[in-house]
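Shared chain: subunit A. Partners: subunit B in the first complex, subunit C in the second.
Showing the complex of A and B:
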């Protein structure tokens, strides 16, 4: 018991032994639900096909190996390209979102002119409509602009739907920057633009970085419907679509598909690990009223 | 006066690029969807206005079934996300060693590329060799292999479970943040008065979290109603249309059969429902803010 409480643990946070057992059982059941596909997926990537396609089901791999991780580069010829495409699309989409959202959030946070509340509500309402609903006109728009089957067909619509949450997050962050800073800069004769550029932007940098990370993760994880509909060129496909073709085949080579999936999610997992401190704060900032 | 005028011009200049972008990529397509819904647009070059014909054509028993199914699917998915998310938040809020690690471990389904998580579920649901069917047989709960995605009723629930799996981490983290914003002294006062853990949860946590719960259910409702990837990857709306929701139905009509006009009419029906949710959401949050200030 001693490990679960020190003398400075508040009385209210002290648990009886059976309460601790229940809490841990609950946490493990909860995490099992959330993580079992990854555990199973990883074990599958280690199993040889002969063991995968045999009954009865076995959980642990027998003579497991990382063979699938080397073979997949041959069975999925464009694999490296797909990962590159995913990164390229997410990076450009994130840059576009930041270019649009940083000035807009500052305007929403600092100025209160007539009509701005309505515009903010309109921005937030964008997230209510998924790309799927607007697919038909977007398809025709992309065709008219000659963007079908290019990277832009996936980047341009994708970025639009990342704007609302980015604005919401960054606006909340910028509202915490004291307005006195603006006043002081104006007193010294600084113009509006100079104040924004030289006073506000440097202070807002940590918030901008969090928004950049959250937007990048969103862009990386939601590459499906636009890439499925607006692009049919193999060389531009992002990872999810590249693997989707592989997934849809009659005989799915499951161990290699799972190995490929793990290589594909590795960047996201590494990001979580390094950035979790910022992430939990960033993802929920503005969610709860202070 | 001059200052505030230049400030106003500056503010709108800052907003202009974002407004323009959203107008072109979201607002204009929205208007265009309404216009197209009154035409017979297809792959052909000529497009004619056909009045209400598309709407007359789509409103039949099949479409009403699809609407009903979408609501049932969404309802159970949101309900399960809220319940499991709340349980997760309570558990992860407990002061036990390792909770920071546990909090990080809830994130992967949310952060990982959605399609890839869904591929993994595709394998788990595999009847002959998948994990769920395999374990159920091991423990003698079912006699033979269960191919979850091959039958309407199981596929319906299988897609819900996967949707819940993707949605739970966000709900959990959000609820956790809301829970931590509740002042500690309330709990201490109740504890001093001898209130049990359950009473403290019922009488303090739940009431004070109701704004967060309502907000999250509304946001989750809208996101779930729009859900496309999960059903498309796992079943494509099958078997025999038993997992076809309104989004899937629209996609099949518009992109699959290239009937843009009729697809647009189906999309308009979705837009109407979404606008109703949206209005409800703004009204509820405004009322919540009003009561908080009072």
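Showing the complex of A and C:
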């Protein structure tokens, strides 16, 4: 879309100067609203601790430095481990979800069977409950299974709560794959499984990657509540709990806490940016005449 | 061998009967076209032969073997879909090779067969491309290639050309006819386009609301339609239908009263037709300007000049349909001016009150 006027711009894309100003003001207001916590967090991470409690409060850091980013590793020696734990838990949870959800959503998209609507509705109902509501029964379940204070205590409920929405998401994507492709493969003698593996899976890849990203982010962000309740071993702590280590007995090391938050998000961000490159649209182009 | 017999095929979806007791013999090597309006059951019938739909009743027999419960591969059938149904993530080569890969054929055989098919279909230069980079006609050829490599006894085509533009459709029609001659396999072809049916078919099956209205060679359907449905469906523009009254039946034909004129139409009749209301059918291309055996004065309100032909449409007093006539392109007529037209009694078709044709006498070849 060409914002600025020139002779090549189609009429539908031409704006008056004040329209452009309003559009940019709107974009700026939105972005500021969304990003201000992050901006403030980043600024705090640059300030020396003493400046944080100065009055009047200054937003802009005076003689700011990245010292907090190096000091945090000394203040909390296990921090790298917490990041690793978070990553490990999210990765395993995402793998489990994908392993179960990909065939399940294909079945929900292609086959019609008795009770299908009921099961799908049940999935939707389950995802209405947050994990917090079910903490006590889940705790008893974990204890019975002997999973308390292991990685599995965070992985299993994490994966379970992510499956319903993942199925709904991927099912919608799979339903857009033309049924003629299944029929053509069937005419050519391919079995259901062969068709699934050789035809459906490659075409559904962009959808699977979207589900993988959404699930990974979900697993990364919802660890807190399960980790807090089902795990008390320091070495299994994921990042959100690990951040509590910066809350000292006397005071909170705010600048290092903020720095640690950013460092903790970084690996997930890098991974998502990497995966995003595979989100090629229009992979079904040329399959059938639309 | 690719001999196909349908015995009293019935298909019901719930309470709705879509195909109603269809029986048909298709000879080995024949090019058979199923034609009919939307919803007449032609695609459903094809999908039952393919094995994509199960029959509600009746038998499908291929080369003397009942195949109702066999999967498509075991029936020796390949199908080309209207939407091409190509695998978008595979190259043209892999698309054509797909049925052979399923069979786990050796690599050398696959290469040989795919290259042979690509040669027939002029796809040699495209083997490494993805379907998304091909034009509609090329995609359809890839779909045909995927059917060829399996050497099926019977090819099924489900409206394969209806997604192509007019010029490409004409080219592909010729190419399919050539392919049929080259392969010598039985082909069953579904279309709603009567030009495709007339040009390609050895025999045409006209379907109407789940029944077979008539089976026959293209020109047989044109010259001797068995009922008003086939008469109206085959031929473009449609046959004109005019009400007449029977007067007398003789060995030479049936004499009718057409707008006060006595016309002797050479069809086989029976005595009961005297005094009965009948329908006279005359094709637009058999109507000419000037006086002749049967005369009418009409006022065309639309005249289309196509260069090769001039087509006129005139409203008929007290009737919904218009009267259509086709003149040579050199002749023209002004719209909204009364004009006298005529036609020969020998060109007329005659239908009884039930819409069944009285058989025309004479040779039409």
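The rule is simple: the second predicted complex is superposed on the first by the 249 of 290 C-alpha atoms of A that agree within 3 Å, B and C clash if a C-alpha of one lies under 4 Å from a C-alpha of the other, contacts with A are read in each partner's own complex, and residues count from 1 in each chain.
Assume a residue touches a chain if its C-beta (ideal position, glycine included) is under 8 Å from a C-beta of that chain, and two chains touch if they have at least 3 such contacts.
Here the structure is a predicted model, which is why all the values come from computation and not from measurement.
Shared-chain residue A:113: touches subunit B; no touch with subunit C.
By the touch criterion defined above, A:194 lies against subunit C but remains apart from subunit B after alignment on the C-alpha atoms of chain A.
Judged by the touch definition given at the top, the superposed model places A:178 against subunit C, while subunit B stays out of reach. Look at A:74: by the touch rule set out above, it reaches neither subunit B nor subunit C. When the shared chain is aligned, subunit C comes close enough to touch A:202, but subunit B does not. Of the two partner chains placed by the overlay, neither subunit B nor subunit C lies in contact with A:16.
More residues of subunit A lie in contact with B than with the other chain of the pair subunit B and subunit C.
Contacts of subunit A with subunit B, set against its contacts with subunit C after fitting on chain A, overlap at residues 186, 283-284, 287-289.
Subunit B makes touch with subunit A in their complex at residues 3, 6-8, 10-12, 14-15, 17-19, 21-22, 25-26, 28-30, 32-33, 36, 41, 84, 87-88, 91-92, 94-97, 102-117, 119-124, 128-131, 133-135, 137-138, 145, 165, 168-170, 173-174, 176-178, 181, 187-188, 191, 197, 212, 222, 226, 228-229, 232-233, 247, 250-251, 254-255, 260, 263-264, 267, 270-271, 274-275, 277-278, 282, 292.
Residues 178, 180-181, 183-190, 194, 198-199, 202-203, 282-289 of subunit A touch subunit C in their complex.
Interface of subunit C with subunit A (complex): residues 50-52, 71-73, 77-79, 81-89, 98-99, 102-103, 130-134, 136, 139, 146, 150, 163.
Within the complex, the subunit A residues that touch subunit B are 3-4, 9-13, 15, 19-20, 23-24, 26-27, 30-31, 33-38, 40-41, 44, 52-57, 59, 86, 96, 99-101, 103-104, 106-108, 110-111, 113, 116, 119, 121-123, 125-130, 132-141, 156-157, 159-161, 163, 167, 186, 192-193, 196, 217, 220-225, 228-229, 239-241, 243-244, 247, 254, 257-258, 261, 264-265, 268-269, 271-273, 276, 279-280, 283-284, 287-290.
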